[in-house]
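Down below are the structures I want you to see.
Each of the next two complexes has subunit A plus one more chain, namely subunit B in the first and subunit C in the second.
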Partner chain A sequence: MERLLSIIFIYILVENFVLQRFFGICPFLGVSRKMETAVGMSMAVIFVMTMATLVTWLLYTFVLEPFKMEYLQIVTFILVIASLVQLVETTLRKISPTLYQGLGIFLPLITTNCAIMAVALLAVREEFTFIEAVVFGIAASLGFSLALVIMAGIRERLELADIPDVLQGSAVTLITAGILSLAFQGFRGMLTL
Partner chain B sequence: MSTSNPYLDDLSRGIIRENPVFRLLLGMCPVLGVTGYFINGLGMGLAATAVLIASNVVIAALKNFIPPQVRIPCFIVVIATFVTIIEMVLQAFQPALYEALGVFVPLIVVNCVILGRAEAFASKKPVLRALIDGVGVGLGFTLALGILALVREVAGQGTIMGPDPESTILLFGEGFEPMGLFGQPPGAFIALGLLLGLTNVLFKKFNIK
Partner chain C sequence: MQILYAIIALGLIGLTFGLLLSMAAKVFAVKVDPRLDKVKDVLPGGNCGACGYAGCAQFAEAVLRGEVNPSGCIPGGTETATALAAELGIEVGETEPLVATVFCIGDNERAADTFIYDGVEDCAVAGRFNGGFKACGYGCLGLGNCVRVCPFEAIEMGSHGLPVVDQEACTGCGLCVNACPRDLIKTLPRRSNQGHLVLCSSHDRGKTVSKACSVGCIACRACVKACPQEAIDMDDKLAVIDLDKCDDCGKCVPVCPPVTIYPRTAIPRNKAELEKRPAAAAASEEGS
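So, the complex of A and B:
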């Protein structure tokens, strides 16, 4: 139990996936312009990341490892993630059209979100147990969402700020992300697994 | 058609005008993640370039056999295959680099630069042009990683060619106190942000569109 709580704390704050580990930078920069889209993306990522860790962990432990096919890891994982995204999209459209409308274009975008692939790979590399892997998936996606939502809040205000011409757009966003990351540095070394 | 040589155009476009990192902001995760040391940045850039060239060539060669409805999964499988090969090559011949790059080596598979070039260029053009495009974009990516890594290593560690103590060159002597921030995650964001601003200034000054 203690270990599970540490995993949650570490991957939300100490080793935040976006601000400390640099996974999922593309959606972080791409959809953080408005709070609404940021929340939509976060929901989609939480859902897919948890599912992806669960499925890839089972697949690796019960199929790839016993049959000595670890070299197929990358191909298998990316196909699982791509089909999972497709599956989630089709299912949501059927059961919950409102949620599907809300998530909209964010679902297909998730396939190229490297945070998802990173979670799947790291869960295997760190030799987590099944429960730990699932908790790790949830914690990592919550950390991603936290960074995305904070960034969206800042960027909405940044629109009104007076920024030098050449730094406008992505340059100032990256510098802002740097300062945000500096704030998260405060959690450094607080807890290790 | 432009009057200039299309092959030369394919090569130069990826390096400067449509540099994947500085101009298009694609494939940012490894750019920020492995650029603490110059060697790592360069190694990552070259690994991604090798995958990009190989996947561009194969996809361009297979473009008439891939049904358009399932093209994205097909591209992904081709890319994933080459990433697996590169991972094994690095593990066998460059174990130190492989360790340093860590999970970012398998993550080349989700690098949007590679899938982007497959979708936008290689799947429509002849093999030779796809090859040249792969070289150009790959060099542009490597160049960006190299510059950022150089800035971060010089500012953050005061060295070049680290972290291996045998090849490390101390730039400012023993008593130099480096700006540790640039070696840390926040420094990566800030250095890249400033470099983007600098490229904006340069592009404006030389009027490159």
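So, the complex of A and C:
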């Protein structure tokens, strides 16, 4: 239990996927302009990341490892995650059109996102148990959402700020991201597994 | 041997997921109207929302459900409506193409500022701060809410600091009408641009108006009397020209003391045009 709690804490704050590990920078900068889209993207990421860790962990432990084919993990994981997202999308469209409307555009966007891939690979490398791997997936995606929501909040305020011409647009966004990352640096070393 | 295993393993995994996907596609199939894509192609795709739906895709769905007439797309106008009707084999209702018009010509030379505003570049915010920085409580603040909201880039700020509508690009979607916190923009029927307009929105008393702005309607009723068509009426201390009655005779232009009336074809688009009075006014001054 203690270990699970430290996994949650570590991957939300200490080893935040976006701000410390620098995974998923593309959606982090791309959809953080508005809070609404940021929240939509976060929900999709939480959903896909958890599902992806769950399935890839099972596949690795029960198929790849027993047959000594660990070297195939990247290829397999890409295949699995892509099909999984597609499967989820088709199912969602039928079962819950409302949820599909909400997540719809974001689901295919994150199919091959490196943050998703990283979670799958790290869950295996850190030799987590099944429960730990799932918790790790949830925690990592919550960390991603936290970063995205903070960024969207800041950027919505930046819209109204008087920014010098040279810094407008992506320049100020990247600087903001940098400062945010520095702030998260403060959690460094607070907790290790 | 290793490579064979790899191929078989990956192939099997791929096959499993492929089967799963195709099964899911069958089991969870959602019937999409094949006409939907065609309808979407016909629509302008600006997602302006003038039809009352979230975007063009939602409007297309509503048209297919028969909820709304194809003429509901305002930017698309008659052209889109007929194309849509042809696609669906239904009748069209008539639509009148609209164009946005700004009812204020008080730039910062003609309508004085009362204080220097250095806040957020947003008309709604500026307008709430101490009643706005303009002496005229009705006039255009020129911070461009309408410019930013236009999905067709049809509005820009002229050199006189007032929004100018590009008659060609404007689709009459009316987003700017809602965006203007002072209600200065109206959509008017396009019709080859006929008629004259009183380019002022102030309902203040004449004295107050003339103090605040040199080109505001002072409610003197001179134009009302001068109009042979009886097309001009007073609406709470503001002269309003009925475009259905106006026949472009131009008799109201020279009698207007502050020169607020302009033909629709010659709405001032920049500083120079604003300084130049309408042709008729200049002519009458020479005559007198």
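Keep in mind that, in the parts below, the second predicted complex is superposed on the first by the 193 of 193 C-alpha atoms of A that agree within 3 Å, B and C clash if a C-alpha of one lies under 4 Å from a C-alpha of the other, contacts with A are read in each partner's own complex, and residues count from 1 in each chain.
As a convention for this text, contacts are C-beta pairs under 8 Å (C-beta built on N, C-alpha and C of every residue); 3 or more make two chains touch, one makes a residue touch a chain.
Just so it is clear, the structure is predicted and the values come from calculations on it, not from any experiment.
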Quick one: subunit B or subunit C, who's touching more of subunit A? B
Looking at the overlay, does A:L160 come into contact with subunit B only (first), subunit C only (second), both, or neither? second
Have a look at where A:F130 lands relative to subunit B and subunit C in the superposition and call it first, second, both or neither. neither
Which partner chains sit in contact with A:I78 here, subunit B, subunit C, both or neither? Use first/second/both/neither. first
Contacts for A:F62 in the overlay, against subunit B (first) and subunit C (second): which applies, first, second, both or neither? neither
I'd like to know which partner A:L29 touches here: subunit B for first, subunit C for second, both or neither. first
Going through subunit A, the residues touched by subunit B and also by subunit C turn out to be 72, 75, 79
Residues of subunit C defined as touching subunit A within the complex: 5-6, 9-10, 13-14, 17-18, 20-21, 24-25, 27-30, 120, 122
Which residues of subunit A touch subunit C in their complex? 59, 63-64, 67, 69, 72, 75-76, 79-80, 83-84, 86-87, 90-91, 93-95, 160
Which part of subunit A faces subunit B closely enough to touch in the complex? 19-26, 29, 71-75, 78-79, 82, 111-114, 116-118, 121-122, 125, 164, 166-167, 170-175, 177-179, 181-182, 185
Residues of subunit B that touch subunit A when the two form their complex: 25-30, 32-33, 72-73, 76-77, 80-81, 83-84, 87-88, 103, 106-107, 109-112, 115, 181, 184-190, 192-194, 196-197, 200-201, 204
